[in-house]
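Shared between the two complexes below is subunit A, which has subunit B as its partner in the first and subunit C in the second.
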Partner chain A sequence: MSGQSKTMDTDRPAAALGAARSAADLVVAIAADANVAGFSVKGPRRVEGRVDAASLHSFASALRTRVGFEHLSAISCVDWLADGQFELVYHFWSYRDNCLVSAHVRIARDSASMETITDLWQPASFFERDIHEMFGVTFQGNTDLEKYILTDWAGPPPMRKDFVSRDFAHDHFEFKDYEPSWDDLVTGGYHGSRGVAEGSNE
Partner chain B sequence: MSDIVTASDGRDIMPGAFAPENREYNMFIGPNHPGIEGNFALKLTVEGDTIIKAKTEAGFLHRGFEKLMEERLFIQNIAIVARICVPDPDPNEENYARAIETIANIEVPRRAQFIRVLVLELSRIASHLFTFGGHAGTIGLYTMPNWSISDRDRVLDLFEELTGGRVYHIYNMPGGVRRDLPDGFKDRVRDVMNFIEDRLVEYDDLFFNNKIMLQRAIGIGILPRDKALAWGATGPDLRAAGFAHDVRRDDPYEVYSELEFEVPTATDSDAYSRTMVRRREIEQSIGIVRQVLDRMPEGPVWNKQPNPLKWRVPAGDAYVRTESSKGEYAYYMVSDGGVRPYRVHVRGASVTHGVHILENMLVGARIEDASQIMFTLDACPPEVDR
Partner chain C sequence: MADTELTQRGAWNKVIANLKKRSLWMLHYCTGCGAVELPPTMTSRFDMERFGIMPMVTPRQADILLITGYLSVKTLKRVILIYEQMVAPKYVVGFGSCTINGGMYWNSYSTIKSLDQYLPVELFLAGCMPRPEAIVTGFNALIDRIDRGEANSWEDYYKNYDFYHKNQLHAFGEIETHHDIKSDGRYFGIAEAQR
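Presenting the complex of A and B:
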């Protein structure tokens, strides 16, 4: 771990917190500074725990300003169809302590809504937009939830577990056999399912 | 100005051409553009030559891999994940295998861990060489792409011999790697490393110290350090801003904690320093490859797993991170105890570089620098689309 001191810079608020802490110490720090108990060490440099949806924003804010987590690594979403819930998992990385905190939040699947954290971490805007597009979770306060990847998509949010790709394809597309004759292939006469009208001799 | 739009008889032939509301116009770059590692579009609002607003448009390479992975067996997905990032596919294989190993508590033999590091570093070298070619192409130095991409082929030759595939390797299996090194492979790797080390010196004359490169790239696309942190930059883009964070050092995986390497940084954080950080990273990677070849122990390369067609991974979740050539690359995997993953979330390095940072950095830049800024940020569209 040589050169570690290079990352400690005085102009970053997290650097004022002293020496790097272990994962077990972070659990204590989270309980004290972010006022959320129940976090536990999951593995080397991994801490995880559950947070209420209503207190996620204040938790994240405390995690950033008081515990010193500067980097939002990702926001993941899992659809627990049987439970009727979405699970949002916020992954925060601390450059100071070299540890990842995963905060699991469960929200109701119907009219799923969550408070945004783009005011704390700007990169959250992409992750929230992506989850909105793929799962249909609305993030209150995020002004940029337009479609991004699926701009031509009119169906339901496709990453939901009740969206079955195969059924959707059967329902929305006509099945056609691709059996061109040899002559069609040679002359280029076969135009597939969208081919020219029969008898048009093109 | 007015004589441009005024005819000899005083008639205004372009009414309103210089009215304030007509000063701006829209410009599109992409989705097919040679300066991009995949199909990706930029919608620019331009005033004169200056970009005043930039929006990215993705989705041209969306293949629905995350959804597809939920419908296929754990073993089948190994062939998919490499396709998520074309220039640097191995971090995907590494992440996918390691996520399963973390959830299922599978031990990886030490020899396999060394081989994985070898493959990851070779992939980093190949990807950086590709980036040099791309960067040079955006500023009109067309000899460099010919050199660096043909040199990259030497690394791909090694991959072909080791794994059977040149670009996509499908080599990491949960529990190890698919096969051991071929006879004499270590010597051939050493030869290629010596070759690339010598070539870097030649690149200095051709590219890194080239007058055109110095004039076009220095001071262009500056990403200040506070912005880099606030906008979520990782990898070489963050290190070029003077912030030494490297997942290999700070969140070590496989055998990286036993290997000696430096984390190169720069201070200027412009297009030039980002490319120079990549050049110095190649030197470090060559050093890592040599250490791996020297220290690699003998032994098995795969901890044999049960029948992959009936293979169940215990319920659980894992968040694994890898330092790809582009930055932090992470997978969040959830298993419900079945034969298929319940959820795999791919967090590519480019989701911050290619969308948020790029949109912010292009504001105030000139049109001719847009593709250079995009390429030196190393945005990889297939990672954004998945």
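Presenting the complex of A and C:
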């Protein structure tokens, strides 16, 4: 690992840190260069902490340009129903340090809104679009928040905790009274509750 | 019963049914997880071809539409497009619990629960998943039904299109299908489609 990172170092511009990097060093670097405190070491390659919604964009920008985290792995969303909050988790990965930084952002659940980071990472548009569809979080500045997977969906954002999928399924879809006998299944005599095509056989 | 059937349908229809039942092309369109049971059914161990059933890549030449598992509303739209392209007689086989009553996705917001609300199903294969033995049994049942001239569920789509269309509208709204069901029904000789 050390040999690989050395060769990669020669290919890339020097970042804020020296050659010897650990997760603890990165926490110090994040606190100094990205100007956010409260990050802690979770493991040899895991750094985690909370960031204010207002300062996330500047934090991500500094993390990318100054500390060298150039890959946005994912944005995930957690619905804390009791707290009335959404938690957005931004996962940043550094190829040089092989380290993952998770930045947790809490936003209000009512009229949930967040600043976009598509100007820093264009692929963030997909994550934001997905979260907008599944949780109803609006990302300010993202111009492409169209339907993504649920193209014909008219209901509420389905991944919210207060959306009860079972109730929706029972209201929206029709279940059949299904009590087959094995004889019917083997001979293919079962046609559903409606009695399809009865009398069509001459 | 066989004798009266013979006189009613005529010997020629009997011959046609006999030819039809041994030359079935199954559309190679797989949804959900049930498709994993098809390779053993197709290949040497269970060898579907000994019954005259082979996969086909285009809906125009296919006879069997096998719905192998859960159908999301989005996939159902594509399945409707495919089904309407198929030329009659055509047989929809609902494969697995999901097509019967939702299966393990019974409380999902995005999968349909009963396939026969949207398409006329000829045969259901119960199980999660049905083993190749069950698939072979099901196909044999289908072959028997074709032989007896009873596999006419597809006509129901043209007779009761209003019912299916209403459910399709409820699921995903209006789509452009490129097929006029009434004229297709007339072409296939469905008397009810004349109206």
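Here is the rule we go by: the second predicted complex is superposed on the first by the 159 of 202 C-alpha atoms of A that agree within 3 Å, B and C clash if a C-alpha of one lies under 4 Å from a C-alpha of the other, contacts with A are read in each partner's own complex, and residues count from 1 in each chain.
To be clear about the criterion, contacts are C-beta pairs under 8 Å (C-beta built on N, C-alpha and C of every residue); 3 or more make two chains touch, one makes a residue touch a chain.
Please read all numbers here as calculations on a predicted model, not as lab measurements.
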Subunit B versus subunit C as contact partner of A:T151, first or second or both or neither: both
Contacts of A:R66 with subunit B and subunit C, given as first, second, both or neither: neither
Contacts of A:R106 with subunit B and subunit C, given as first, second, both or neither: neither
Subunit B versus subunit C as contact partner of A:F173, first or second or both or neither: second
Touched subunit A residues, subunit B compared with subunit C: B
Partner chain in contact with A:S165 - subunit B first, subunit C second, else both or neither: both
Subunit A residues contacted in one complex by subunit B, in the other by subunit C: 149-151, 158, 165
List of subunit A residues in touch with subunit C within their complex: 149-153, 155, 158, 163, 165-166, 168-169, 172-176, 178, 180, 185-188, 190-192, 194, 196-197, 200-202
Contacting residues of subunit C [partner subunit A, same complex]: 8-9, 73-74, 77, 100-102, 106-110, 112-114, 116-117, 120-124, 126, 137-138, 141-142, 144-145, 149-150, 152-153, 155-156, 159, 167, 171-173
Of all residues in subunit A, those that touch subunit B in their complex: 1, 3, 6-7, 9, 11-12, 43, 45-46, 70-74, 76-79, 89, 91, 95, 98, 100, 102, 121-123, 125-127, 130, 134, 148-151, 158-159, 165
Subunit A-facing residues of subunit B, complex: 57-59, 62, 64, 66-68, 71, 102, 226, 229-232, 234, 243-245, 249-251, 262-263, 265, 317, 319, 321, 328, 330, 332, 334, 342-343, 345, 347, 351-352, 355-356, 384-385
